[in-house]
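Notes follow once the structure below has been shown.
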Amino acid sequence: MNCDIVFLLPLFIVTIGAILLMLLSAFESIRLEVASALSVGIFALAFLVQLVPIGLTDVLPFVSIFNGMLAVSDFTRIASMIIIACGLFTAMSAISYFRQNNFGSLEFFSLMTFAVSGMLLLTMAQELITVFIALETVSLSIYVLVGYNRRNVLSSEAVLKYLILGAFAGGFFAMGIALVYGALGDTGFAAIAASVSRDGLLHNPALAGGLLFILFALFFKVTVFPFHSWVVDVYDGAPIPVTGFMATALKTAIIAVLANVLLLAGDIRESWLDMLFYLTVLTLFAGNLIAIGQNSLKRMLAASGIVHTGYLLIALIAVSGDQFSGSVILYYLAAYAASTLGIFASLSYLSGTDEKRKEFNDFSGLAKVRPYSAAAITIFLLSMAGIPPTAGFMGKLYIIVTAYQGGHVILAVLGIVSSILSMWYYLRLIIAMYFHEADDLFETSGSRSAPVCAFILAICVLALSLYPVAI
Amino acid sequence: MIHDYLSLSILLFCLGILGVISRRNVFTVFMSVELMLNAANLAFIALARLHENMDGHVLAMLVMAVAAAEAALALAVVILLHKHTGKVDTNVFSLLKG
Amino acid sequence: MAQNVSYLGMIPLLPLIGAAVVGILHLATCKKKRLPDQLYAVLACSTPILTFVLAVKVFFDLNGLPVDGRALTHEVFTWFEVGEMNISMGFLADPLSSLMLLFVTFTASLIHIYSIGYMAGDESFAKFFAYLNLFLGSMLILVLGNGPVVMFVGWEGVGLCSYLLISYYSEDRSNVLAGNKAFIVNRIGDFGFVLGMAFLFWAIGDSGFDYISLKTNAHMLAPATVTLVCLLLFVGATGKSAQIPLYVWLPDAMAGPTPVSALIHAATMVTAGVYMVARFSFLYVHVPTVGLIVAWTGILTALVSAIYGMFQNDIKKVLAYSTVSQLGYMFAGVGLAAYSAGIFHVFTHAFFKALLFLGAGSVIYALHHEQNIWKMGGLKTKLPLTYKTMLIGSLALAGCPPFSGFFSKDEILYSALASGHTGIWVVGVLVAGMTAYYTFRMIFVVFHGSPRDAHAYEHAHEPPAVMTVPLVILAIGALFAGFLNLPSLFGGSQQVTHWLAPSLAEHAHEASHSIEIIAIAASVAAFAIGIFIAYRKFGKGAEEPVYSGFSSFAYHTFRINELYDVLFVRPYKAIGSAIGNLIDAHVTDGPVQLIVWFYRQFGSTFKLLQVGYVRVYAIYMIIGLSVMSYLLTQSFK
Amino acid sequence: MFENVLSTMIFLPIVIGLAAMLIPFSSTTARRIGLIVSLVVLFFGIKVYLGFTGNGQLEFTETRSLIESVGIFYRIGVDGISLFVLLTGAALIPIVFVVVKDRPRAFYGSLLVTQGAMAGAICAADLVLFYAFWEVMLLPIFFMIGIYGGPNRKAATIKIMLYTVSGSLLMLAAIIYLGVAFHGQYGVWSFDTAGLAGLQLSDKAAALSFFAFMIAFAIKIPIFPLHTWLPDAYTEAPAAATFLLSAIMAKIGIYAVIRFIMPIFGPELVRYAMPLAWAAVIGLIYCGIAAIGQKDIKRLLAFSSASHMGILALGLFCLNIQALTGSIYQIMAHATSTGLLFLLIGIIEDRLQTREISDLGGIARQAPIFACFFAIALLASVGLPGTSGFIGEFLIIMGAIKFDTTLGVLAATTLIIGVCYMLWMFQRVFFEKGNDRTNGFADLSICETLAFLPVILLILFMGVFPQPFIARITPAAQSQIATVQGTGQISGQVALDHIQPQK
């Protein structure tokens, strides 16, 4: 019993922290830094607690109370750690951002912490209702965060688009649950797995259809082609720390759920292999093709996020289901999260007041003025492009290894090809930063927390590359 | 009997989809989304009856709560956008593109 | 059989050291305080003299050996050994190379000394001597190298020095162009040489690639291989020895200082091709067809260049074409398997042609670098010594008995006649007449008659002793060298032929004395007719002729240079320019650019799809969902 | 430090280089540090050379577990082939620090990082490790071209980066495939070269992997028609970067073919040797002809370098001992000569601010030492006997003729082609009359002379006494040939034994 509470402690810490932060918002005299520090503290604490290893097999904490709705394992634990870390770094870098853009308020940190708690729940959820609740907790928090800059019409437009499409997908999710519920009379993953492994997925059309809707909604959230269109606009409109947070934490959580759903029983994945294959390939290439046309950095990063989703899909298709450790996926997520957060942390302080620097050209000559920032960004970009010795390279390596092992040679090769294509737009920023003359002084105001954040993440990106992952 | 409920539910759901993809008025779009969610709710209730357990009811309640929260947020956003542009046409809100 | 000695390596090494020392001293000091020219002169001239001493020693050492064992070898070190290919840096002195060695070091010594006077006061005096020493070293490697690969080192080395020395007055573009031309044309020949060498190696090279092993194993070669190898090697020879079709560089090479023309482009380097054919006589002797090709190429070159020579205005050009022409004779000789005759002509030619060039150098020196013979005239009185020595040289060149050229040339013509190649003989006699004509045309115009340029004439004076002494020594050589190989007809015993015999695979042509007498008579008649016509036309002074018709065509060397320019040089440059600036960037790179273009196009298409309308995004989603559903229903089947 | 000589040679420059980028030294200090570090590396290189026994095995090996779960080891060592490539780099790079002056400290830092990464790529015995160094060595070059390059540098950098990265990523796909296949066959993860040689692959898989490797190396070398990045990159790059690209990086491409393709893809190499050899020869002629049309001296040399790389590549595909030894020898010979030429051109550009051939002239008169050095390097690059260039070129031509007569004859045209553009260039730049610009050209300083002199001497020494080098190359080359021809094929069990002790 007291053991079980350790498993859920991070969730509790984060949730209680979120409520605490919300209460604190009532006090106007509290400075943003305090809230930021507080949320950083909460995340750090949760992270430390999360360090306790669990084991590969699912542990169901408080079975009697939760009736198996939640399960923890090393997979969820590490996914949670990534999410918490994302929250931590976002909370840190947001301060620098809000120092230059004065629409920040204490609720920001509260909402973000709520989102994190929802995500933690998502990773552990073993039951569709829980997934739905957690998903909506996350979504609602993030809707607000996306539109946080109320004076900016773009921010509002972004939240409108996200809200409409998110709710639209949510509708499908609900309908999917309804179908599954109709087919089985139960919404637990265990029941679905039992049914699928007993009869096969395709013998139960309602179940198959329901899972398809659920998959659809999840694909929407992780921006699989062709459900990706929103992501470019929403990332563009959202404040930079939020974009970074969405790109990393949200993706990690949803991928964790996807892994849980897809790997419920081997048959689910096998039956949809064709579909998943096409979606993966299209996602890889659509992301690249959208990205090359972009002039705005955030839009490019959004599009490149689509490509990374493609890589994660490769891993999801290829990882072996029977002894699922998810380490490859998690490693990739961690590598991706570190580099993406790093870039957004850098942008948080470099973009200036009202995000005036958003295009590639706005960063021309950055290396001449701020060599260290440029170097950090370069490391992040190289990691995203998969150039050694960065974590991104190892992540890709593991994914390709997995793909080969699963017999998906074509996916592996296409993954590499897409990586070649992605060099194009990553290089563009590097070229802008280094090879052009500076006509901007890149003055920044505000705290040094975002630069520190970028620095730590740059080291993480390099250090993670040596972190071994069992396949 | 259950088929009728479900048929109605599917019909409502499809209407919702149609509304989202065809209407330009933000309110109508959100109403269509609500329609989709309610279609799901209908299905939940009907299926709960079918399976004779309470899961469906719980789900329906939760979905309603979520729908309400979303609606609240949506209204806020619409007001915000209306303040910015004076319009409630989704086509107007296409500054972010390309 | 061959005897090992340890000093052969010293012979090429000495001049190379000399070159290095002089060169480094020059480089180190030329920009600051120059060292005195005398120092360089002493340093540079000591090496050819020392090598000459060594050459003499080689000769006597060989002489002391039994006739069959007349070969000295010196394997200095293993050059490289890769698989079955084992090439050692080895040197071989046999009668053939010792003869070459003797006259190369001898003429080189004299020309080095002459150059002290000729180049006096030149800004890069030391550089000139460094190059000369380097040349001598390379030439000696060429001569002494045991095996084609070592020979090739010298072969290319002399080519390089030739280039450097032709371009010596590098400020003038045409000089450098001449140097480039020489190097490139030589390289075309070297291309053939390398290929011949390669085919030879892969046929028998694995059991040793020095001359002695090659000679031993030559019988294992297939006839086709021998033919191919001999032809390819001959391509090399045409490059180096300026034969048709690669002779075009030699006349231009006269852009270099005159001692260079004497040493490199008359006496030594250009005869390397002949030497090489003689060296490989053990191959050529098996393929008479190739020999015939060689002989005809040679004699036609002799004819063509003799025609050019009759219409040149530049004293050095006249001599240059005469060199080409004489080289043609030599090839005719070696082509007809009269190797010793060819080599003997090389030997005598070295004396009289070096003499003529040095004489011409004296004239040019005296007239302050005037080279047009129509600006000279009457110099007999001003430059008596030069006149006398040049006259001796001219008589030798023209084949006047008993000058050296007479005996050597006659032997070639005699072997042509004796071996039944009447055509070659007829052309040869014709060329002999033309040679006499253009040689004495030059002599008459330059030294006889009245001065055409009074001012230059006034200031003309005999050059210093350092230049005239070599002239005299060479004149003595030109006069008497022929007696070294006096045929039995004149009571001689053909010492040179006998000396060379162990090195060459020669069959002697047995022919009666009557044929020999016919040959001699024809040559002498041709000489007499040629000199007579020359005297009639130019003996009493003549004005610069206006070339027209055929003579103009011949003056412009049948427009061969222009033809090559149009046929090879321009197209090559045009293709180069087209590839480098257009094709590479647009055609070869095309596929890459096309891919990039497609990628960009797709990119803009996808950008268009991001319309920004939220409804459209929902439609995309629905389409996606429909496709997913379709795929799902597909899997139900 | 002395136990891990190779690691020191790899990481000392990388660490110091990164430090030089981060710590605000003055430019001169950074240059001096670079010089000292590169000299230290050279010292270690000589130590390796002296300690090298030449037993055909990897020597000075170091093995450390890097990521054991997938069998990625930090495994380095040198054999007869890599030794000379390594030494060439170590010997040449100090010159750069003497000659290239007044650049920002990051420039010198990049140079050092490249040096270390290149040493890493040369020593790596693990494919993933090799890949990592292979990519890393390009990055500083990329920045050097992009930041310090000529006016069209951006297009050039994008091109070189995308081109080479495309190739190497394809290779990565193949590397991983091999690792997975090895795991499938032996149940052990390993990317060790010697181990992978024991793989049994299906024909199709082997052929595809072979081409993935080959394309990556062919781009780096470059082999026609994948050379199109080269003229722009070489031209736009600062002299030091061009030097690194031409003298060392291209050679690593050649070396990699010998090191990785020959043992692993022997049968494929034999099967596709003919078309590849043709590509090499076409490139040799094509680029040689293209060089004559250039107006920019560096571009001319770029094409010349591409042309020469054609002949080096040809040596690889002839699959006989002469040609292969020739190629390996030529790696050093060409590195010294072309590297020197690019550095000397860099000096011209530095002092006269122009590379247009038509703007130059008469330099030989102004700067005899400079001209002399240039001429020697030039002659070596056209393969004049007595210089290093001849031995390699001669061996390759001989080997090519043995392999295929037509190819051999075409390859021998390099004798003619090379000399045409080189002499033309030499004439226009060094001979003829000087102009106002070139008349002020200062000769090499004593320091520069002393820096170049060892290499000049090396060029001559290698031309006259090649045997000490060749004696160390031939055993390794012989064993590679044997491997390719199948007589030295490593059986699977041997491969496994090779891996096991590490576990």
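Per-chain residue numbering starts at 1, and chain names A, B, C and D are given in the order in which the chains are listed.
Note that in this section a contact is a pair of C-beta atoms (placed from the backbone, for glycine too) under 8 Å apart; a residue touches a chain by one contact, two chains touch by 3 or more.
For clarity, every value in this text was computed on a predicted model and none was experimentally measured.
Undergrad: Give me the chains shared as neighbours by chain A and chain C.
TA: A chain counts here if it touches both chain A and chain C, which gives B, D.
Undergrad: Tally the contacting C-beta pairs at the A-B interface and at the A-D interface, and name the larger one.
TA: By the number of C-beta pairs in contact, the winner is A-B.
Undergrad: Give the identifier of the chain nearest to the protein's overall CA centre, each chain being represented by its own CA mean.
TA: Closest to the centre of all protein C-alpha atoms: chain D.
Undergrad: Round to the nearest whole Å and give the separation of the Cα centres of chain A and chain B.
TA: 26
Undergrad: Please report how many Å separate the Cα centroid of chain A from that of chain D, as a whole number.
TA: 42
Undergrad: If you average the CA atoms of chain B and of chain D, how far apart do the two points sit, in angstrom?
TA: Measuring from centre to centre gives 65 Å for this pair.
Undergrad: Counting only Cα atoms for the centres, state how far chain C is from chain D in Å.
TA: 37
Undergrad: Quick check: what residues of chain A touch more than one other chain, meaning two or more?
TA: 160-161, 164, 168, 172, 232-233, 293-294, 424
Undergrad: Identify all positions of chain C at which a residue touches two or more other chains, and write them in rising order.
TA: Those would be 607, 610, 612, 614, 618.
Undergrad: Give me the residue numbers in chain D that touch at least two other chains, ranges are fine.
TA: none
Undergrad: Which pairs of chains touch each other?
TA: Chain-chain contacts present: A-B, A-C, A-D, B-C, C-D.
Undergrad: Using the touch definition from the top, list the residues of chain A that touch chain B in their complex.
TA: It comes out as residues 129, 132-133, 136, 140, 143-144, 147, 150, 153-154, 156-161, 163-164, 167-168, 170-172, 174-175, 177-179, 181-182, 185-187, 232-234, 236-237, 293-294, 299.
Undergrad: Chain A touches which residues of chain C in the complex?
TA: These residues of chain C touch chain A: 599-600, 602-607, 609-610, 612, 614, 616-618, 620-621, 623-625, 628-629, 631-632, 634-636.
Undergrad: Can you check the complex and tell me which residues of chain B touch chain C?
TA: Contacts found on chain B: 17, 20-24, 29, 90-91, 93-98.
Undergrad: Taking the complex as given, what residues does chain D use to touch chain A?
TA: Against chain A, the touching part of chain D is residues 21-22, 66-70, 106, 128, 131-132, 135-136, 139, 143, 146-147, 153-154, 157-158, 161-162, 165-166, 169-170, 172-173, 176-177, 179-181, 183-184.
Undergrad: In the complex of these two chains, what residues of chain C are touching chain D?
TA: Within the complex, chain C touches chain D at residues 23, 26-27, 30-31, 77-83, 85, 89, 127, 149, 152-153, 155-157, 160, 163, 167, 170-173, 176-177, 179-180, 183-184, 187-188, 190-191, 194-195, 198-199, 201-202, 572-573, 575-581, 583-585, 588-589, 591-592.
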